[in-house]
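Look for subunit A in each of the two complexes below; its partner is subunit B in the first and subunit C in the second.
Right, the complex of A and B next:
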């Protein structure tokens, strides 16, 4: 390696099989000191398994795990000095909050007075002081989460691994705890790896997000990057609510100009002609457009946007707090448009919309990868 | 208005059945209780009856002249009424049987539960033996015990004794081994259920805090299954304390247990109902005491499954 400091965690070709079922496949990843990394994906995508392999709770079938440049594949979990916060907190139910917090220090043979001092300090920080003598099984969910975090923090791990720790907490409190967590991480400057299937959580917490699907890494990038420049069809469809609309189109060339064609509709993609021809084998291209980038024609013209006018019929209008989700019927397909709450669009209405040409995403239908 | 009326009627009807409900339920419970408890009352009553009343016709529910002679005869205290003493004098005093039972049942219970606990932990956490082994242990309970008795006699009183010079017939060790062997399947399966109910994550959290596997077992898992451990211990103790067939087959004098002793109060002269009943009452005392002591833990044991997942 060069002079460059080795990353805190390095995964190389990580693979895990459970009885011939592949949970994680060829994962490469670098996590830097102090980073807040989110693993995001649907359930069963391998994100928790990856986390458990880093902790040493699962043994990789193949591949290597490095911690500060040292290969730790064979290091037992006790010696890895990683902190793990489980989805259900995994508190010691039979013990008091105090004993839960003190457990790791006791194991390490820390002197009694010091344990006491540090436990009380941590209890203070997490507002657990009045609960120190309470049994863990009697705590509220938010208190459980704070105990789980505090317990992990006390053992001074090199990295925090968090497995959907906010899952069981009711909405409302969730957002508060999320902010707490982010503040804590910034305050401590510790590395955290956070597993979630909730994109909002990942987007708000993560410095970087690793989107996973079917055991593979789909994209590793900043939240902004992931939203604005999804690299695969999966990421494009997974991130954003309501999800991105996809239209199957054919690539057509007429002289100098290039188009995506669908029935009578044609979207000019001449600017991307060379890159498309370089990257795409066939002529099948998926056009992706986010609901907020579809505009009624009048509004689009007002903003000086031009392009193919798409005739649609309004199928359904769902009002949200500040916006409305409008289901548009385009031939036999439904596409979703996001409009301001004051918009007068009504069900059954026929109208024309325009896709913001700068915000269109193109994907090779064959490889499902973005064309950029 | 109309709906209001109909609602009123339904409410009234519900109230009526509600009123009737507890009374009916109480009555039903009473009937069941009488059916179940009558033999207990009967045996208690007989244990205080003099010999003439044992088989009185019509029978008496409560003894007309309650006496303690049946109990005195058991332990050969004082000078009980002549007839009873004569009838029972052929039988051994119960002291030895009691002492034997008090050694054999607890020792085999502790052994069985300890082995069962370790096995259950291995099966539950490390999948030792796959699916087959835990199932296979149940074969010890699949056949009527009598089916095992003959081959085991062959072992105990012939092979082991004659060729290996190990004396197991009519010894404490003989019964302890047998009881341990036959109850270990229960211990394993009961403890497996309790251990399975503890989320694996709790142990993993302890491991990541730096605890060794043994430390995890003793400081985390065991305290969490404490209730289950007590429940299993009580259950196995009751099995061992009341076991009759093997004790009858594999003891003659030195190692006889209380259930065998009870069976001794029957001779050609007739059944000695009084002492039999008295011994039955005395024999149930240790189980009642053990249950009472363990009861508090049983409650926590059985509600453990409510741990929030």
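Right, the complex of A and C next:
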């Protein structure tokens, strides 16, 4: 072992095959004590399989799992001291909150008085004290979540594993429960690994996010880093709502200046000339721009932004609470722009927009990797 | 296409009233949303319009004609459920063509209509395939196509996107809206997801416990919620609702609670000093007060949640009340930071704490 303290969890070359299907393909990852880690990706990306391997519910085909430096591949689930919180919370619906909380301690033969003390302590901490005699089936979703977490906490896990626990909860309530979970995690100071397909959850909850796709890690970074500097086309398209717009362009050089060209449109990328020429083989570059970084020309000029004026026609305006999503027809393609709710933009309108030059993302169309 | 009118509708199941005397009118070609939590009565209303349930009281009109006694098959109404069933042994083409074949339309016309709808829904490439190979989004598209292909007078949708992934749901809301515009189809769409409602609807009817809380455009519902229920149900994150009292100080109305005193700049008609109030302020209308010597409400940053180019910040006020604020991502904030905030006065909502009704 190295001198520095080993991470709470270390995954090395983790691989899982189901029959001939590769679910997880050689994953390396370190998770630190007290960290809120999110595994994010579409269904089938391998995030849940990874979580289940950490829990011991699946056996890896290859690779190792370490908990505090100790290899736990062969340890049965109940000896790993991981707490698994399932999507539907898996409470005992006919039992009271008290009995749900006490269950894990009872089966371990903890003396009655100690069970009582610890259940009440936990109930207090999770604001469940008034509900101790309530049946689980009668609880609000938020209370169910707290019971599930409290019950898991009482088993004294070294790490909480959560599999999409906020799925199917209506917006509005979801934000409240999300904030509660994050607050709780910080208060408890416990490590949590949280699996989700919802980028909004991962962005708001995670200290770091592992974005997965087809069994592989696409990017591991903080939410801000992932939003501002997506490393692949996949991550760029998966993070952000509505997703980033992509335009296929050709790289063109005229003297000292370099451009991305698309029909009559040209975006100056002279500042990135050397890096583009170093990194990109062909001339095909995908220009990525987030909907919130496209501005009507008047507004852009007001902010001192310059660049190619892109002529578009407004195809659809969708209000989105405090903002509006505007679908813009650019030749045969539709791109999305996000504007404040008060914007007067209307369907059928012709206008010019600017892509904020500092917020443009460039990707090699061949490798689908960001050019940085 | 047709308008839909519902008059004084009532329906109880085993003595429990699911719909408590509701009336509304959906215009021909309108996208109308029923929004509310489970148990609000949304599905019951759809089923009554479709003719799948008989109302205990009240009338249903389609295109001006009373249809209470008309058999569901003859109402020319299509309904799409939460988990739409497709014929598993038929290709997507046959699934779409089925309702037209039942009506004995000429083959060429069926073919034209099926391809037209498939085109609009981007499912042309699926036509030769069977549903068991479809993803959730593809199944939804085919089901919607099958309902649309016969151009029903009214299309009823009961939470058709609920269990789809967030990004797919958003893509489909855009498509549905575009489709509805292009075809001029009258649609009534039930959902518990306010974002779906706000994104697609011409008008939204917010429901709770079998009653109407508000019927208005998405903008009105968001900016001028008629009740604390609407305020807390519409918005992500929801509107902050802070219990307070009003007192008169030097002829000015001051809202007081444990954490702050807020002099009101706007005029309020009623005398509010004798009742409990809820002060409503949306997270995006909470702003940080900058510069020395400024007044504001003292707050401590509790947690910070980045979201796109913004961040949701939970603030803890003096008395422990938590409120949410949305600020640009550039603003650097960390837990335990102390700051002063203010509420945009022209964006304040006031509600009666007892009845939950909005106070102007």
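The criterion applied here is as follows: the second predicted complex is superposed on the first by the 343 of 372 C-alpha atoms of A that agree within 3 Å, B and C clash if a C-alpha of one lies under 4 Å from a C-alpha of the other, contacts with A are read in each partner's own complex, and residues count from 1 in each chain.
Here, a contact is a pair of C-beta atoms (placed from the backbone, for glycine too) under 8 Å apart; a residue touches a chain by one contact, two chains touch by 3 or more.
On a predicted model such as this, the values are computed, not experimentally measured, just so you know.
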Per-residue touch tally on subunit A - higher for subunit B or for subunit C: C
Partner chain in contact with A:107 - subunit B first, subunit C second, else both or neither: first
First (subunit B), second (subunit C), both or neither touched by A:86: first
Touched partner set for A:55, first subunit B, second subunit C, both or neither: first
Which of subunit B and subunit C A:151 touches, first, second, both or neither: first
Contacts of A:78 with subunit B and subunit C, given as first, second, both or neither: first
Which superposed partner A:243 touches (first subunit B, second subunit C, both, neither): second
Touching both subunit B and subunit C, residues of subunit A: none
Subunit C to subunit A touching residues, read off their complex: 37, 162-163, 165-167, 170, 173-174, 177-178, 181, 192-195, 198-200, 218-219, 222, 232-238, 282, 284, 302-303, 305-309, 312, 314, 324, 329, 335
Interfacial residue positions of subunit B with respect to subunit A in the complex: 199, 201-202, 204-212, 215, 220, 223-224, 226, 307-309
Residues on subunit A engaged by subunit C in the complex (per definition of touch): 42-43, 168, 170-172, 174-176, 178-179, 182-183, 186, 197-200, 203-205, 223-224, 227, 238, 240-243, 290, 292-293, 315-316, 318-322, 325, 327, 341
Residue numbers on subunit A that touch subunit B, as the complex places them: 55-57, 77-80, 82-84, 86-88, 90-95, 103-104, 107-108, 137, 151, 155
